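The chains carry the letters A, B, C, D, E and F, assigned in the order they are written, with residues numbered from 1 in each.
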Amino acid sequence: MNAPILLQPDETFILNVGPQHPATHGVLRVKMEMSGEYIVNAETVIGYIHRMHEKMGELKTYPQFLMNLSRMDYLGALGYSHCHVLVVEKASGIVVPERAEYIRAIMVELNRIASHLFWFGAFVMDLGGFSPLMYALQDREHILDMLEAVTGSRLTYCYFRFGGLYNDIDDDFIAAARRFIPRMRKSLKKYKALVTGNIIFRKRLEGIAPLTPEMCRKYGASSAVARGSGINFDVRRNEPYSVYPEFDFDIPVYHECDSLARYMVRMDEIEQSLRIVEQGLDKLPGGPIMPDKKPKIIKPPAGDYYQAVETARGSFGVRLVSDGGKNPYRLKLRSPTYSNMHLFDEACRGMMIMDALAFMGSLDLVIPEIDR
Amino acid sequence: MRLTLINVVIAVVAAIAFAALNAAYLVWAERRGAARIQRRPGPNINGPFGLLQPPLDGIKLMAKQLTIPGGADKAMFIAAPILAMFPAIMSFVTIPFSDTIVAKNMNVGILMIFAFASMGGMSLVFAGWSSRNKYAMMSSVRAVSQAVAYEIPMLITTITVVMITGSMDLMEIVRQQSGSILHWNIFPVLGNSHNLLMPFSFLIFFTCTLAETNRAPFDLGEAESELVAGFHTEYGSMGFGLFFMGEYANIVVGSCLTTILFLGGWNCPFGLFPGVWWFILKLYLLIGTFIWIRWTFPRTTIYGLLNLSWKILIPLSLFNLLFTAGLLKVF
Amino acid sequence: MICDKTKQALQSLFPKATPEPAESSPAIPSSEAQEKKAKAPAPRQDGVVERDYAVHGYHLDAQVSPDQLLEAVSILDEAAFFIESITGVDWIKENQLEVVYDFSRYDFDTCRVVIRTRLDRNNPVVPTITGIYAGANWHERETHDFFGIKFEGHPHLIPLLLPEDADFHPLLKDFKA
Amino acid sequence: MVAYFTEIFNGLLSLFIGMGITFKEFFKPTVTVAYPYETLTMCARYRGHIELVPDEEGNPKCVVCGLCEKACPSDCISLAGEKPEGGKKKELTKYNLDFTRCSLCGSCVESCSFGAIDFSKEYNLASTRKEDFIFNLLQRLEEKKK
Amino acid sequence: MTLALYNNLATYLVIGALLFGIGIYGIVTRRTLIGMLIAAELILAGSSINFMAFNRFTAPDPVTGQVFALFIMAVAAAEAAIGLSIIIAVYRQFKSIDTEDAVQLKG
Amino acid sequence: MNPSTIASPALFSVDGLVGVVFLIMVAITLIGGLIACNSDRLVRSVAGLIVCFVGVAGIYYFLNSPFVAMMQILIYVGAVAVTISFAIMLAAPEEKKKIGITGPLAGPLGFGTAALLAGGFAVLALQTDWPVQAKINDGSVKQIGIQLLTDYSMVFELVSIVLLIAILGALVIARDGREGQ
C-alpha cells in the first residue's frame, strides 16, 4: 500500500465482481465502485444461495434437521453439527457419554484442519500460486479418508446425534490419525518454506487491510479475523464447552492486524488442532457412545437457549427458542463468516482491487455459510 | 540480395511453424510439468503421454466460433491477436540457432528483437481496449505500465553485455563466448571481461524476461483471481489461441535471447562439439525454469512489480552498467 | 464481574421497577419457570433478568421497550461488548414480534447479554442500532427480510438474503410458501 | 543500504527455497487415481443410497412399519404394503426412493429396527434424466435375486 | 519501372512529402490534443524520411542523415513525454482534452 | 539516377519481389498515416500510427540503415505509442465523443493546405535534379557511433539534457495536477 491513493470520485466506474468471478469462491457478488485500480466503495451482495435453513428448522423435527447443519458449511461441517447437538442436549438435559465427547472433539479438530488446509490452498490460489492448493488437498485427503471411514461421507457429515454419535471409531481410525499427525507436521514445515517464507507472498500480505480491534468488535468478527487483530478470543477458551477444558492448547494471537496475521493465525491453528487430536487420542476413554437413557422423542422444554462453538470459521451460535414441541419454535443460526464478510465493505475502501481480493481470501469465506 | 530474400521467406515460414509447434507442445509441457510438480499425471489420455492433446486442442479452438462482443471495436479486436503473434515471429528471423541455422543475421540483431518485442505490449493494450470489458481494460493498463517498467532494466542489462562484446550482432556475441562455460557471459572468467557481476546481470535479465513475457509471477495482465482473464477475457476460438501461441512464442524468444546473451548460445559447457543441440538444450532448460517458476510462486502485486523494477532492478542494472564500463576502461 | 456491572447499568433503564422484584415478577419468576414463558398468557414485563448460564447459555436477559433500545445498546457498547447477532421471533399468539439482540465479549470475563424488545405485530418498527454498531447493518436487513420488521433510520434497508423484489417474510408463522 | 541488500538477498533466498521444494515434489510419485480407469473401493461405512436387505430367501426383510418414511427429513421414501390373504405379516408391495431429494443423512437406516434397509456402495451415479434417480428398490431387489 | 522505385531518391522524397501532408491535414482537422500530437509525429516522420533519403543518395558523409534521424527521434520522444503530461494536466483541469473546451488557457 | 534510366525488373525476379515488398511498405506507411489522422477513435489513431511507423522503419531498411529502422520501431512503437495510449486511457474515458473538424470549412481548408504543401514538395522533389553520390553507406552502427561521439558530441549531450529535462518536466506537470485534486 505504498502507492498514493488516487481518489477521484467523479471518475469512478462500477465493477461487478461476481457472482461468477474466480476470486469470490462461490456465488458472492461485490459491487465495487472503482477509481482506476482503487476501490472507492464496495457493496457486498449476498443471498444467491440462500436456502432458508432457519425456516426448515422450524418445519422439521430436531433429528430431521441434523443434516442441514452440515450443508451450511461444506468445509467444516462437523463444527456446525456440534453446536446444534450441544444446544439441543443442553435444552433437553441429555448427558453425553465422555467417550462420545472426546470423539466429537477429535473429529471436529480434524475437520478444522481439513477446512484450514482447503482455505490455505484456496487463499494461495487467490494470490496466484496454484501448487500449494494441490499439496493442501493431498493432506486434506488423508483427513477426509479417515472421516469417511468413520462417518460414511466425505464432506457433509451427519455424524453427531443427540446424546452421542452415529457410530464408534475403531482402531484403524486411531492408527490412521496417529500416522497423520507427524505427516501433517512435516507438511506444515513444507508450507512454511514454500509459502509463508516466500517474499512475494509476504509482500502481498504485509500491512494489507489492517483491521483494528475496535472495528472487529463493532462487526462482531471472530476466528482468525479477530485473532489476527490482537483479540484473544476463541469460544473454546472463553466459554469452554464439550471436553475442551481437558486439552492443553494455545490460542494463536497476532497483533499486526493485517492479512498476514490472519494467515499466520490459521496456520498456527492447524498445529494447535493437531495437539488437541493427539491429546484426545491419548486420553480417549472407553465406554458407550450413546447415553443409556435418552428420550425417545426430543422435546426440549420451552424457553430459549444459546450455544456458541468455535468452528473453523469462527464463533458459530445457535439460538433455540422452544415451545416444548417436537419442532423448534425458532432456530437462529449465527454464522461467523456473515459477520466477518460484513467487514469487507468498510475495510476495502481505498484499497487496490488485488489487495482487496487478497483480503477477501484472508477472511476465509464459505458462501453457503453466509447465505444459510 | 538474392539469397537473403529466399532465406527470409523460408525463415518466416519456418519461424511460424517453429512458433506454432513450440506453442502447442509447450502447453503440453507446461501442463505435464505442472502436474508433476503437483503430483498429478497431467494430460495422459490422448496419445502416448497425452502427446496428441495439443493438436486436438488446436482443432477444438479452430472449430469454435469467433465471437465478438457487442460494442467491441471489431477491426482492432481481430487485429490484436495477430499483433500478439507478429513480433515473436519477426524476432525468430534474426535468432541464430547455430553457426549456420539463422535466417537473416543482422548486425543489429539485438535491437531488432527488442524493437519487435516492444510491439508485443501494444497488442495487449489493443485487445484490452477493443473488448469493451472493464476487466480487459484494467488489464491493458497494467500491461502498459509493466512493459514500460521492465523494458528499461532489460535494455540496460543488454547494453552491459553489448559493451563487453562490442557488438550487437547475435552471432558475434555467441562467437565471443565460444569455449568452456568459463567463457560465457554469465561467468566471464576467461572471456574478454572479468566482470564478477555478470551472474547478477543474468538474474536481472531473466527477471525482466519473465515480466516482459507476462509470465508468473508477473502475469498481472491476466491475473485470473482479479481480472478473470485480463485482456483476453472476451476472446474465444483462435483469437484466444493466437494470444496463447503468442505468449509461448514470446517465451521462446526470451529464452533464446537469454541463451545467446548469457549462456553461450550453441557452445558446449565443456568446450566440445558446439552445435544446435546445445542451443536447444539450453533453450528448453530455460523454458523449463519458466514453467517451474510459474507453478511455484504466487503472483506479485502491481505496485510490488513496479517497485521491483524502479527501486531494485533499475538501480542495480545501472550500477552494473557503470561497473562494467569502469572495468572495460581499466582492462 | 462485568456481568454485575452491566446488570446495574441496564437496570438503571427501568426506574420504576426495583431490581429484585423485576426478576420475581409474576410473568418470569425465575429461570426455573422459564418453560412456562411461551404458554404464559401475559407477555413478559420489561426488565433485566439474570439467567443460569449452564442452562440457557447466556447470563443477562434484558427486555426493553423499543425507545429504550438505543440506550441499552449504548451501555453495552461502552462496556466493550461485541455484537453477535440480531434476530426476531414471531410470537403470533400474542400478536407480537420480538427482536433479539445478542451481545458477547472478547475478553475472558465472559458475559453474554440478550436484549429483546417486543413490537406490535401489525406495525413492527424499531430504531436501528447501526449508528452504534456498524455491524448491525446486515443483521437488521436480514431481520427485515425474514420478519418485515422496520428498522427506523437504517441506511440501506433492502432485501439482503431474499431476492431484490421479495415482498414476503418467510419466518413469520403465518407465512405459507 | 544494508537493509536494502539484505532484503533483496533474503527475498531471493526464499524464492530459491520455494523452487527447491517444488523441484523435490516433481520427482515424487503421483497421488491421484485416474478415475474412470481405476476406481477406489468404498469403505465399509460408505453411505450411498439405500437398498433393501433381503432375508435368506431373497425377500425383503421389511415389515412395512413406515418408520423410515417418517424419519426421512426430505420425504424421499414412499412405501406401501398389504396383508396377503391368510398371511400374518404385511408384505412390501412398493418401496420407492426419490434419490434426487435424498441428502444421505442415514436417518432411515438408523430408524429401522429390523435391519431391513442398508446403504449401497454405489457412488458413480450419473444420468441426464431426473427420472433415473427415482429408484424402485423392490424391483432392484428382485433383479438382484435373479 | 514501378518495381525499381526503391532505388530512386525522388520516391522517398515524395513519400516524405505525403506523410508531411497527412500530418498537416491531421493537425488542422484534429480537435483533441492527443490527435494533434499524433499528427505532429507524422510530420516528424516525414521529415526524417527526407533526411534518411538524402543521406542514402546524396550526402557526402554517409551517416549524417542517420544521426539527424536519431536526433529527431530523441526530440519526438521528449515531445511526446512533455506533450502528454501537459495533456494530462489539461485533462485534470478541464476534464476534457478537447481544444474547444480548453479555451480558458488563452487567459 | 534518373528514373527513366533504370529498367524495371521482372515481377518474379528477386529484385522484383524486393520492389513489391517496398511498395507494400510504402502502402502501409501511407495507410497507417491516413488511419492515424482520420479515425474517429483515438486508440485507432494510435494503431494507425504504429502501422505507419512500422512502414517507415521498413523504408529506412530499404535506405540501408537497419539501425535507424530498429530504433524507429523501438522508440516510436515501444515508447511514444505506448505513452500516447497510456494518456488516452488516463484522459479519455468517453471515447464515443465526436472528434470531428472544428468548423465547416476546416476540413476542406485543411485538406487544401495539406494537398498544396505535399504536392509542392513532391513536385519540387521530382523536378530537381539531385546530385548523386556514388558512395553508399554500409549501414554500420560503428560509423554512427563514431560520428555521434565526435562531430555531433555536443548535440548528443544536448539531446540527453533535453531528454532529462523532458522527463523531469513531464513528471512535474503530471504530479502538479495530481496534488491539485
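Here is the rule we use: a residue touches a chain if its C-beta (ideal position, glycine included) is under 8 Å from a C-beta of that chain, and two chains touch if they have at least 3 such contacts.
This structure is a prediction, so every number in the text was calculated from the model and none was measured.
Q: From subunit B, how many touching-chain steps at minimum until you land on subunit C?
A: 2
Q: Applying the touch definition from the top, give me the chains sitting in contact with each of subunit C and subunit E.
A: The shared contacts of subunit C and subunit E amount to nothing, since no chain touches both.
Q: Compare the CA centroid of subunit F with every other chain's and tell me the farthest one.
A: C
Q: Could you compare the number of C-beta pairs in contact for B-F with that for A-C and name the larger?
A: Higher contact count goes to A-C.
Q: Subunit B to subunit E: how many Å between their CA centres?
A: Their C-alpha centroids are separated by 32 Å.
Q: From the C-alpha centre of subunit A to that of subunit F, how far is it in Å?
A: Here the centre of subunit F sits 62 Å away from the centre of subunit A.
Q: Based only on mean CA positions, could you tell me how far subunit A sits from subunit D in angstrom?
A: A distance of 25 Å separates the two centres.
Q: At what distance in angstrom does the C-alpha mean of subunit F lie from that of subunit D?
A: 71
Q: Residues touching two or more other chains, restricted to subunit A: which are they?
A: 131, 135, 138, 194-195, 198, 200 - these are the residues of subunit A that touch more than one other chain.
Q: Listing for subunit D: what residues touch at least two other chains?
A: In subunit D, residues 12, 15, 18, 21-22, 25, 31 touch at least two other chains, as defined above.
Q: Note the residues in subunit B that touch 2 or more other chains, in rising order.
A: 37-40, 141, 295-297
Q: Report the residues of subunit B in contact with subunit F in the complex, numbered from low to high.
A: 1-2, 5-6, 73, 75-76, 79, 106-108, 111-112, 114-116, 118-119, 121-122, 125-126, 129-130, 137, 140-141, 144-145, 147-148, 151, 168
Q: So in the complex, the part of subunit D that touches subunit A is made up of which residues?
A: Counting only subunit D, the residues touching subunit A are 10-12, 14-15, 17-18, 21-22, 25, 31, 43-47, 71-73, 103-107, 110, 119.
Q: Using the touch definition up top, name the residues of subunit E that touch subunit F in the complex.
A: Within the complex, subunit E contacts subunit F at residues 1-26, 28-32, 34-35, 37-39, 41-42, 45, 48-49, 52-53, 55-64, 66-67, 69-71, 73-82, 84-89, 91-93, 97-100.
Q: Could you pull out which subunit A residues touch subunit B in their complex?
A: Checking each residue of subunit A against subunit B gives 1-3, 13, 15, 21-23, 36-37, 124-131, 134-135, 138, 194-195, 198, 200-201, 203-204, 352-355, 357.
Q: Along subunit F, where are the residues that touch subunit B in the complex?
A: Contacts found on subunit F: 14-15, 17-18, 41, 43-44, 47, 50, 54, 57, 66-67, 70-74, 77-79, 81-82, 85-86, 89, 139-141.
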